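In this document, chain identifiers A, B, C, D and E correspond to the written order of the chains, with residue numbering beginning at 1 in each.
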Amino acid sequence: MDSQWIPRGLQRTSFPRFLAWILPWAGLLAWGLFGAALCLIEGLNQTNMDNRFAFGLWIYLDLTIIAFGAGAFFTGFLLYLLRREALRPVINSAVVLGLICYSGAIIVLMVDVGQPLRAWFTFWHPNTHSMLTEVTFCLTCYLTVLLIEYVPVLLKNRQFRRIPKMLVFEFELHKLMPILAGVGAFLSFFHQGSLGGLYGVMQGRPFAFREAIGIWPTTFFLFILSAMAAGPSFLIVTTRLVESLTKKRLVDDRALRTLGRISGFMLAGYLALKAIDTLVWINATSPGAGFPAYEYYERASFGTWILFLEIGVFGVLPALLLLSRHTREHRGWLLTAAGLVLSGIALNRFVLTIQTLALPTLTFDPFLSYVPSWQEVATFTAVVAYGVLLYSLSYRYLPLFPQERELAQS
Amino acid sequence: MPLTRRDILRFAGAATAGIVFSPLPWKMLDDVAIWTQTGPWIPKVPRGPISHVPSICSVCPAGCPVTARCVAGVPSSLRAASGSGQPLCPIGLTGHHLAYHPLRVAGPCLVEHRGEKVLTTSLSLDEALRRLPSVDGDRSVMIVDQRPGRAISDRYRAFVRQHPGSFYAVPDDDASMRTVGYDLERAHTILAVSTPLLDGWTTPARTARLIERRSKNDGLRILAADAARSRTATLADRWMPIRPGSEAALLVALLHLAHAHRQPDMTPSMRAIIERTTPERVAAAIGVTPVQLRHVYEKLTERGPSLVVVGGDGSNSVDAETDRLAFQLNRALGAASNGAIRQRPAIPVSEGLRERDLAVATPLSSVPDASVALVIIDGDEGTCHLSWESIVRTLHPGASIVVSLSPVLTALASHADLIIPSPAPFESFGEATGDGTDIACRYGVSRPLHPRRPGSVDPELVLGHLSGQVIEHEAALRDKVAGIWASRRGQIRTPDGSTTNLTSVEGAGSLWTALSEGAVWTLEGAPASASVRALESDASATDRLAARLSELAAGGATSTIAVVPTTWAPVTSCSRLSPLMTKLYQESGLRPTSEVAAVAPATAHACGVEDGAVAELRAGEQSSKVKVRVSDSLAPGMVQLSAGPDPVGFRSPEPPAVANALPRGRAAELRKS
Amino acid sequence: MPARYGMVIDLDRCTGCGNCTVACAVENNIPPGPPGVTDRTGITWMRVYEADNGEGFPETQSAFVPVMCMQCEEHTPCVSVCPQNAVEVDPETGIVGQIPERCLGCRYCMAACPYHARYFNWWDPKWPEGMEKTLNPDVSPRMRGVAEKCNFCHGRLHTAREKAAAAGNAAIDPADYVPACVESCPTQAIVFGDLNDPASEVAKLSRDERAFRFLSRLGTEPKVSYLSSRAWVRSLADRVLARDQKEEARG
Amino acid sequence: MNRFRVLFPLAGLLVGLTAGWVLFPALLYRTEEQPLQFSHAVHTDTGGMACADCHSFDADGRFVGIPTTAQCASCHADVMGETENEKRFVEEYVKTNREVPWKVYARQPDNAYFPHAAHVTRGGIACERCHGPHGTMNTLRPYQVNRITGYSRDIWGSSIGRVGMEPWEGMKMDDCVRCHRETERARACLDCHK
Amino acid sequence: MLPWVYEFQWNAFHITFLLIFFTVAVVVATTVVRAIVRSNRRLAREGHARVSWHSAFEELPASTRVCRHQMSGEVRQRTCVNEFACADCPEHQRYLASGQSPSSSRPLSFTPAVTVSGIQLPTDRYYDRGHTWARIEPDGTFSVGVDELGRRLLGPVESVELPPIGTKVATHAPAIRITTKHGLAMLRSPIDGEVTYACAEGDRWKMKVKMDPQSSVAHLLRGPEIGPWLTRELERLQMTLSDQKVGFSLADGGVPVESMPDAAPKKDWEAVWGEMFLEA
């Protein structure tokens, strides 16, 4: 039915089966869009956020998926600028994933802000001292870059290739990819950092506040490193996921191992810095602001276990697994380690968004909890469904994995 | 030449470019942003000339001086009149909202109570008046006046006097306790027994003066005896936690220490009770030690004048017996002789009427059952004491009709058959007759500030329809003022704080002018004589007291918990609050809503409920869903409920809070639901 | 010299009556909470908290703490985080101003505020029918989806300035500029004025030995101070103090 | 044939430009008539009155704006002249004690705070600086209102591109800021916003 | 954002920030514009076919890109990096220079046809890797056709669409569209040139091309290369078909059926054709 659109030589499931896969996701997307529309039309009272929990599920989601989407810039950077050719098999997938993560984050942000129609004020009257300004500028620019990077992938579609202009444009654009990869890396470096800085600069929230190095708090650098660790791991996990869903081999092990090694290396660096940062924070920054650090962990649901889990099980363990050649070359361990890395980064973002806001500052203020409303969950689901749909369509109609044909034949 | 797709694309592209190079997209961007700032869904502020109108607040009888800031003739805020030194309460600060209350009754209407729902059918004024039965020998009328002392009150009394068998009924409190005022300003030691002395029990001005004296360390000592660490307990110098419902026992024990049983005018049975109620015998029942009781008594006698106030939850009383005990204790402490308690004088009657031609007020509970055919409830919006049960009891089983004059749909008005709404506060001339705890009586007049909403009817018109003698509302007030002027007693206090003796006011006309510009007439009472008739104990009361004390000594059922209803006093003078009160109730939790039940951590644990959980509170037949709030301020074994009008129930005339129906100290069960 | 408006609140005088909260709402056109509003979604620029000493019954002691925007002077947390300059510190008054018309509703400032003194308009502003006629003409109602907070009744400063300007004066009469909460406080627990004027009562009180500021170790230099003669109340200022106080009480 | 093809983009450009520059402003604004016609000229010239005689300040220095009917009635309690508008004014408004629902050309939104006292009394700025020759007009020009924002067209200025405007035209924030920048006054947002 | 918009701050931080933003915006915009300009220029210069082949070649699996010299056994392993443009390939020149390379042979009509697994390919012509051939005619033009394996891959032809006389055809660019009941196949032109004769009637067709003077047949397979190539192509076909999980296989020595699509009608034959005919 749609065979004219499927890249030649690639095996794709029949259209009805594809439809059967797509439809539930489309349903979820529709439900999610309904939830989001409620938030836009009725207002944010539809959410369970409140004055204390000014940020909720959505910001957490944004922080997490943007960290996961870091694979796009980091892989592009390594491939086009550092010439790590081993990563070529995953670059297209990385771009699509990056696009999904970033566009998803921006869609959610537009629902999250109270006045989306005024969002352009940030550009017109920017407060350049705000980390959010940096985030907004970089995210917008980088999303543009990702869209442009996606164009060559899109134009590889069989039907588009029949149009001479598009074919030639794709070819020429592809040649300029190193420039875009460079710009993307530059932008990502800043916004990944600014997302961390978002919390690190909050002088009034000693749980999140960190000392500054130059003009940036330490979380700025920690976020960059952790995103660089998360991005490759996300590629490993998604690739393996797609492989298991399609029952096909799409990327050779070498590429994934390279990704794993890079992720492990970044994670190790991140952990070392985070350990130092945490010690400084516990012993100097936080008590200096009038907050004994141990009090943060006296709440029933947020004990020190969360810190140990983040650094130990989700940090040191995957770092060792990824850095050791033996475990890295084992497919199961590699996938486990990548999964742990992602859990760790997700937990880190959770701690920084949710725990920061749950902890009271005033001595007579209670510790609060927050459970997202269905509208929030729906919007979240919409983004996931959108991502799955975009990826499924891209996978079906675009040659996402250059090695696929070869691996299928071998 | 055929039109190709390329041509169309080129055309569209160029057109887009043309639009980009025009103001359209850019101005649209700007205008849409402005639309989000000034769109039609954002209320617009009023514009127009601004004026400052001096007046008084007539929402409750206290009559605090205010300055209304009006924009284009509509008040935008009520502020305490500068120079008066008399601050307002939150109810007064929002008094100008009441005219726009969502439950405002638009005009005369018939009321139907269908289950939980209240249906109103509007009808014309003529039709409404026609539905009032004529009052003759057979049919008696009861006029329930919840704001006695006003100009219309005099007219009501005159009407009732002319129609034997009819009643001019007032709430029981107004008939008894409220005749005695407390000179808090002169007292040096005050014992507040289950009384929110510093939390709205009296006027904000008097509370403020107590706080001021305390912070200046002028020797004022405030003792609080309360089951909970209430606001008053927190702010007091000393707090004695007592068991809920043991107020009477505490007072009797103090009377014992004061050797009151040796007083000659004591009835023998009372004397016997006091004599046998030694601190040792009742201390455990009260929940304190005998030493503590003696200590409190020492403090009371250490530095006079001393006062014991038992105000209950709000300005209403705990119960009649406790009131009487407090009166006797005060007397024993010498408050009657040194003037710390005084009998508040009555406000002179309107010109043209004579006191002897007016009916005497009957306490509502003294109106016989099934005796009246027509009930007119006035001042309903200004109080929340009366329960529908206390009214329905008096209705003649045959054809009877209940008419409410309330401008808003109150809990009581929703039970009436007919509502002929009077003007809302500040829509017409209003009156303030003085705070029930004060030693002085007052009279003040508030000016109309709002444009009057069509459909409201002056009570004078309704009464005039019955009596055949119609008088204008303003004229009735002028008569009242003339009556006051004619008494030649008391003084007037202008908003700037200066006082003038009434004798130097030239005439009734200039008194009216002064009052309508915010001045208040006051007349201080004489020291309460030994016998305030209403507060004398009679035999049945003594029996009830004896029974209660023995019940208390027995300890009651220990497995249950006691309900302690509390009310924030100012709201008892206003059955419908400004919608803005959500700030205090829902939006800050500063005051608990009626659905909140506060318990001590130990009690919560024992009942298996958690903070914030929804639980079922059962007291006798009554059962209600409550939200549990765990508080360290409460003694274990009690549950504190907010009574009074539901402050946030401004959206629908829902039934009143559970706590309203529960007597103090009532045993209850709290269960997880 | 520019003014530095500040407040001193005497916690020993505060009875928790709520006048300030209500007067503030009336003055600043804060709408009544819609159905379903809670203490976490409502708007109370001035909010009275009840603080206790953490002991059980009957040793509990409590104090009422009115909390509003503390108008932080240094590193003002909400100002630096706002992406589009919707918040700023007025150098002439020291007042931290929030412009709802510029606000995007990102709520970053609310997360950043250590005093939880910023509020979000979760709902459209709605007054019961007709009640919008009683709005204060000096303050514009805010729209849904923006943050707002106390600005020391800036509308009253406008009025005072206008009065001064009409009389040809540059400086306002301090008596003309009194925020609604200060004006309405029955026990006069709140003192307002120019901290830069050493003769003003507020400047004197802020140097009182009973004076303290909440979370002053954050280094944001709040311009609202509190007074209390009770040590445990003063120790509420921050958690290190509270811990020390608790240890002192025990040992 | 190629020549003909070139016309397509040109025509598109023309259509786009016309839509943006001509059609858009025509659609954006709605024209409304004032409830009554009023001649400022008659009052200022013939009557010899000054602006402040009617557009005055109250005791607190607040600018009252358009005079109330009561103020007008102090002269126009009865018909003084011969115009139809005056007659209507007296009969429909003065006699019934209603306010005239004037449409205010310079009306700023609720969130803007403009103290006339600071600008006129203290600043000495002439009325004409911002209101132009309004006071010498014989008629009230039609009032144009922006359909999206509800603003009077005077806020933006008569030119949709904001080019070639008279010095008094335009009352957007940019216009305020321009002058305030030059004189280094009122830097805080709250100085002019409420 | 812009100096004349209020709240523009004249401090180093603000200006640096915005400068970086504008730089990024300019770089991104110029990159896109550059790509557009360059692609337009390229399209004008080289034509679509070359570019198309250029990018298509990169996507061919390594097994398809095997060098002709590997197939002939001259080198053990070599993957073409030169888009099969042997004329421009220095390696190819080196092998030709050695004089031993089968690539230097010319088509001869008298040698027997090469037969592999029952498929006969005459040696009197040049073969394109997309299973078209070019044979020089006495008039100097080349006749173009599809080889035996191609014919069997296509099965019964329903219609043929040839480029009209006078059109330019290019090496590696699809020139002939063949429709069967199993779909549409695009056959490559083996040489660059101009169509001088084109005649299609039903399933029979004939086409002649006059080769461009500057072009050559260096990239086409000939003589001793044909056998190894055909063997390899059968392997490749096997792989393509097995990849497609087809019901039948080409066992060693077996004879492919006359019409493969009819033997396995459920297959995605368009994909197989694309693979085997090297559709760009």
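We adopt the following convention: contacts are C-beta pairs under 8 Å (C-beta built on N, C-alpha and C of every residue); 3 or more make two chains touch, one makes a residue touch a chain.
Just so it is clear, the model here is predicted, and its values are computed rather than measured.
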Chain hops separating chain D from chain C, counting only touching neighbours: 1
Central chain of the complex, centres being mean CA coordinates: C
Most distant chain from chain B by Cα centroid: E
Furthest chain, CA centroid comparison against chain C: E
Of B-C and B-D, whichever chain pair has more C-beta contact pairs: B-C
Distance between chain centroids, defined by C-alpha means - chain C, chain E (Å): 76
Separation of mean Cα positions, chain D and chain A [Å, integer]: 52
For chain B paired with chain E, centre-to-centre distance based on mean C-alpha positions, whole Å: 95
Chain A and chain B, separation of their C-alpha mean positions in angstrom: 59
Multi-partner residues of chain E (each touching 2 or more other chains): 6-7
Of all residues in chain A, the ones touching two or more other chains: 115, 118, 121, 124-126, 129, 133
Interface hub residues of chain D, defined as touching at least two other chains: 60, 62, 109-111
Chain B to chain C touching residues, read off their complex: 36-37, 39, 41-48, 50, 71, 74-77, 79-80, 87-90, 93-94, 96-97, 99-102, 198-200, 204-205, 207-208, 211-212, 215, 229, 231, 234-235, 239, 241, 578-584, 586-591, 600-601, 632-636, 650-651
Of all residues in chain D, those that touch chain B in their complex: 1, 4-5, 8-21, 24-25, 28, 58, 60, 62, 64-65, 68, 109-111, 146, 148-151, 156, 160-162
Residues of chain C that touch chain A when the two form their complex: 34, 36, 38, 40-42, 49-52, 65, 67, 75, 77, 80-85, 102-108, 110-116, 118-124, 143-147, 214-220, 235-243
Touching residues on chain C, where the partner in the complex is chain D: 88, 90-93, 95, 97, 99-102, 138-141, 151, 154-155, 158-159, 161-168, 170
In the complex, chain E residues that touch chain A: 1, 5-7, 9, 13-14, 17-18, 21, 24-25, 27-28, 31-32, 34-36, 38-40, 42-43, 48, 51-52, 54-55, 59, 61-63, 239-240, 243-244, 268, 270-271, 274-275, 279-280
